[in-house]
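Before anything else, here is the set of structures, which you'll find just below.
Below, chain A partners chain B and then partners chain C, in two separate complexes.
== the complex of A and B ==
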């Protein structure tokens, strides 16, 4: 526990320092290529999608529930946290004396993010329970429906700006790197810890063979809903950060495309592999951005931006993936210090392989509690 | 003086329009091996699946020790000590042998895990050699051993085995049956479903004959082995 808190502190400090450094570099125009645009497109947005991909990986990759509704949770988090800030928190902040503004803002942003995450988690519960009976295609269709309903709902609620978009959200996230990076790291850490614990084995057993998991006494329903709730929670928090960085959100930000892109990331990275989700989440988003740099092409007398074809490209990637490498780029592999060390020690000089140790149960015994 | 540990009474199970069990009754006595024999499609697996709540009966009662477990969810039944080794082994192929064994202990997590692991290794030394291997790479016989070993990790108080000999070479079948008898001699009552009626009746105390969803005959295993009708239908004359 002490160790976790220590690393948590280290992570916060590093994110904060990097944030300051980046801010100086971008605003001070240290490098020609590092502009406000490239910072946003190649650092910030990829970080957001890392969170989305890793959180969907919990639902889709780790318990094997094919969900196409991630944009819905993202939207719920964005809109409800923004609603809180616009209608309540801004008023409260106005009454805080100037000296305390910074602290109050920090606290209110944290609250808004928690509200976004909590609301999305609640929706995860609401969606997770009835869809438990559904599998495969049916689950995909039901969650797709959920995502679209959420978007249409916000599109028609005047309280949230309807089609005009929800504007005037306080931009408490500021520069953004600190919060975005922290959320992505938090999401990765939670996923990793879940998988490391014996609960992780239970999650994976549900994906591999639900019946076998059931005869082992794994309450499969509990794990499936838990995956939905935790995954939705992080997507919601990501939405909250987006809203409070951009200052305005629009229903089109949460279109089905987003769900499809995130699913592509998880499948591409290897369902269940956190490392894969991180790499594919960041990589795909950067690739998409690079597509925009290509020149406009004329086809059938109409002009097209190559990035207009990105959905086509994603569909192709998914199809090719299913044909040639259904387990994803990384399969179930993870990058960790242990694997790195193994790679390094696999140098040709050392021919003898140390005998595999029998893992001891006693250390893991405490990690697992009966739900 | 034997004592009933499991009692199934008038059990009906349907898959949609298909009536798989049409009023089945059976008891399992403490300390004994009880076997259910019957042709393919008779409903043997369905009966085990109903006991571990993987399918819901439309009628009938399942009692375990002193409680009615008919309506309990699967994980509660496992917690009570009824451990089901399903047909086709269903090991977690992508996981290591060790992880499979750990999952076996899911319902009975506790301090004596290492001890239980050692007991499983004493019965199946090969599992210890293969501990870090991916379970999907094991041979058929080893996979069956893993399936049983995994069940033993749950400290079974009633072990239900569905066709443990399926697809195994004859020498392995004999080995597996030897092990089943050994586990029973350590005090675990066993409900054994088999198409290999001869081997099953050889090690069982009591047997039931299931035909298209109905129990048609029950007797001591020794009597069933001598029964002309059983010999005719299940033991090849």
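== the complex of A and C ==
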């Protein structure tokens, strides 16, 4: 326990230090290319999507369910935490003496994030219990429906700004790196630790063979719901951070496209691979930004921004991946120092030898569970 | 609600239900044979509507006259043909390589296909809503106003479905289809060319969806956008589940039922924004309480 708390402290300290460093670099214009815009596009947004991808990986990859409703959980977290801040917390903050403002703001933001996460988790539970008895394809449609319903709901609630968007949210996240990085790290740590525990085996068993798992006494519905709740919780927290960083959120931010993009990330990284989700989550978002650097194309008499093709590209990636490499880039493997070292230390002579015809079970097993 | 409003909503519901039914039979046939949800089916419907818009929005050397019956029939037939080709292409390129893949992989591919087609349409035709420049005379029937287009649409879709029923029950191809959906392997052993049957199923389903799309654009005047087919597609799938997936009359019944329920509940002013939610609630309810659907047979899942 002491060790865990120590490492949590180290993580917080590292995030905080990096946050300060980045702030200095961005505002002090240390590098020409590191502007407010590139910071947001290449660091913050990828961090957000890492959280989303890793949390969806818990549902889609590790437990083998198929959720298309991640944008819905993201939206619930964003809207409800923003509602809390706008309608309650701002008033409370006004009563706090000036000297305590900083601390109070920190605490209230934490509370808002927890409310966002909790609300999303609750929604995960509400959605999960009836729908998770459904098989794969039905579940996909039901969760898709959930995501759409949530969006339509927020589009029509005047309390949350309806279609005009919810604006005037206090931007307590500020610069943002600290919170975003902390959440992403927390999400990765929880996924990784879950995978290593007995519960992780239960999650995997549901994916591999639900019937067999049930026969072996694994309460499959419980684990499916648990995966949903945990995944939704992190998506909700991510939404809360987004709302409190941007200051305004719009229903279009939570369209089905987001769910599809996150699914593409999980699929691309390899369903079940945490590092795969991290790499694909960050990589795809960065690639998307790099697309903007390409020149405008004229096709069929209309001008196109290169980024107009991104959804098309995501769809193509999804299809081609499924046909040619359904296990994703990393498969079930994880990228870690041990794999890297093994990969690097392979002598060139051995590397030139074609890989063994029969997949060796032992190496696969080693890669899945790192010491 | 007043009685006349209810009657009016009922008429509108039956009309949209007929469209759901036309799309739903495609879902149900493909599901019956391949046990997969062809997510891209809604996009085929959208392509049908796009073809109708393309046909009416410009003068094709006078071949398609906006007002003549022959021109419209030709247009719908073209839409069906285009969609049929598209359906076959989708099957050939995306689904056939995955014939023996796990279901989840096929599902992800289907979702990818759906988004691919949506975004292709977005790039080719832009996001602005496109309306077919045709208006239909409205007739008053005892306080209910029905446009002639709605009537034509209803009659046409009912005859399409009757034709499909004949095809499935009376022809050799229909028998082959039923055999493959009953038992894939046994049918293959009996010499049923199942690859051809699958292609045929996709072609028929896509043609019907294309007809539905074209007719919605022409007779109802619904604005066509790249996401035109998404919601109707999902709802049609719900209809198929409601009627019992794999069952063609069930899909028709489910489609009509969903259309009517949606019109009646969604017609209520305070509930109307949540119109789209009805289908999903219905889906969850059906799957929980009667997973085999209204007309479906309960099949024990084999372990």
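Convention: the second predicted complex is superposed on the first by the 336 of 371 C-alpha atoms of A that agree within 3 Å, B and C clash if a C-alpha of one lies under 4 Å from a C-alpha of the other, contacts with A are read in each partner's own complex, and residues count from 1 in each chain.
As a working rule, contacts are C-beta pairs under 8 Å (C-beta built on N, C-alpha and C of every residue); 3 or more make two chains touch, one makes a residue touch a chain.
Owing to the predicted nature of the structure, the values given are computational and were not obtained by experimental measurement.
**Student:** In the superposed arrangement, does A:217 touch chain B (first), chain C (second), both or neither?
**Tutor:** The first partner, chain B, only.
**Student:** With the two structures laid over each other on chain A, which partner does A:17 touch: chain B (first), chain C (second), both, or neither?
**Tutor:** So A:17 meets neither chain B nor chain C here.
**Student:** Which chain, chain B or chain C, ends up touching more residues of chain A in the combined arrangement?
**Tutor:** Chain A has more residues touched by C than by the other partner.
**Student:** Taking the superposition on A as described, I'd like to know which of chain B and chain C A:290 touches: first, second, both or neither.
**Tutor:** Neither: A:290 stays clear of chain B and chain C.
**Student:** One more residue to check, A:205. First (chain B), second (chain C), both or neither?
**Tutor:** It touches chain B, and chain C stays clear.
**Student:** Given the touch rule stated above, what does A:25 touch, chain B (first), chain C (second), both, or neither?
**Tutor:** Neither partner.
**Student:** Is there a shared patch on chain A that both chain B and chain C touch, and which residues make it up?
**Tutor:** After superposing on chain A, chain A residues 211 contact both chain B and chain C.
**Student:** What does chain B use to touch chain A in their complex?
**Tutor:** Residues 52, 54, 73-75, 78-79, 83-86, 90-95, 98-99, 102-104, 106-107, 109-111, 113-114, 117, 131-132, 150, 154 of chain B touch chain A in their complex.
**Student:** With touch defined as at the start, can you tell me which chain A residues reach chain C in the complex?
**Tutor:** 64, 66, 68, 130-131, 133-134, 136-138, 140-142, 144-146, 148-149, 152-153, 155-156, 211, 260, 263, 267, 299-300, 302, 304, 308-309, 311-312, 314-319, 322-323, 326
**Student:** Spell out the residues on chain A that touch chain B in their complex, using ranges where they run on.
**Tutor:** 198, 201-202, 204-205, 208-209, 211-220, 332, 356, 358-362, 364-365, 368, 370
**Student:** Spell out the part of chain C that touches chain A in their complex, as residue ranges.
**Tutor:** By the definition above, chain C touches chain A via 36-37, 94, 97-98, 101-109, 111-116, 118-120, 122-124, 126, 234, 237-238, 241, 273-274, 276-277, 279-280, 283-284, 287-288, 303.
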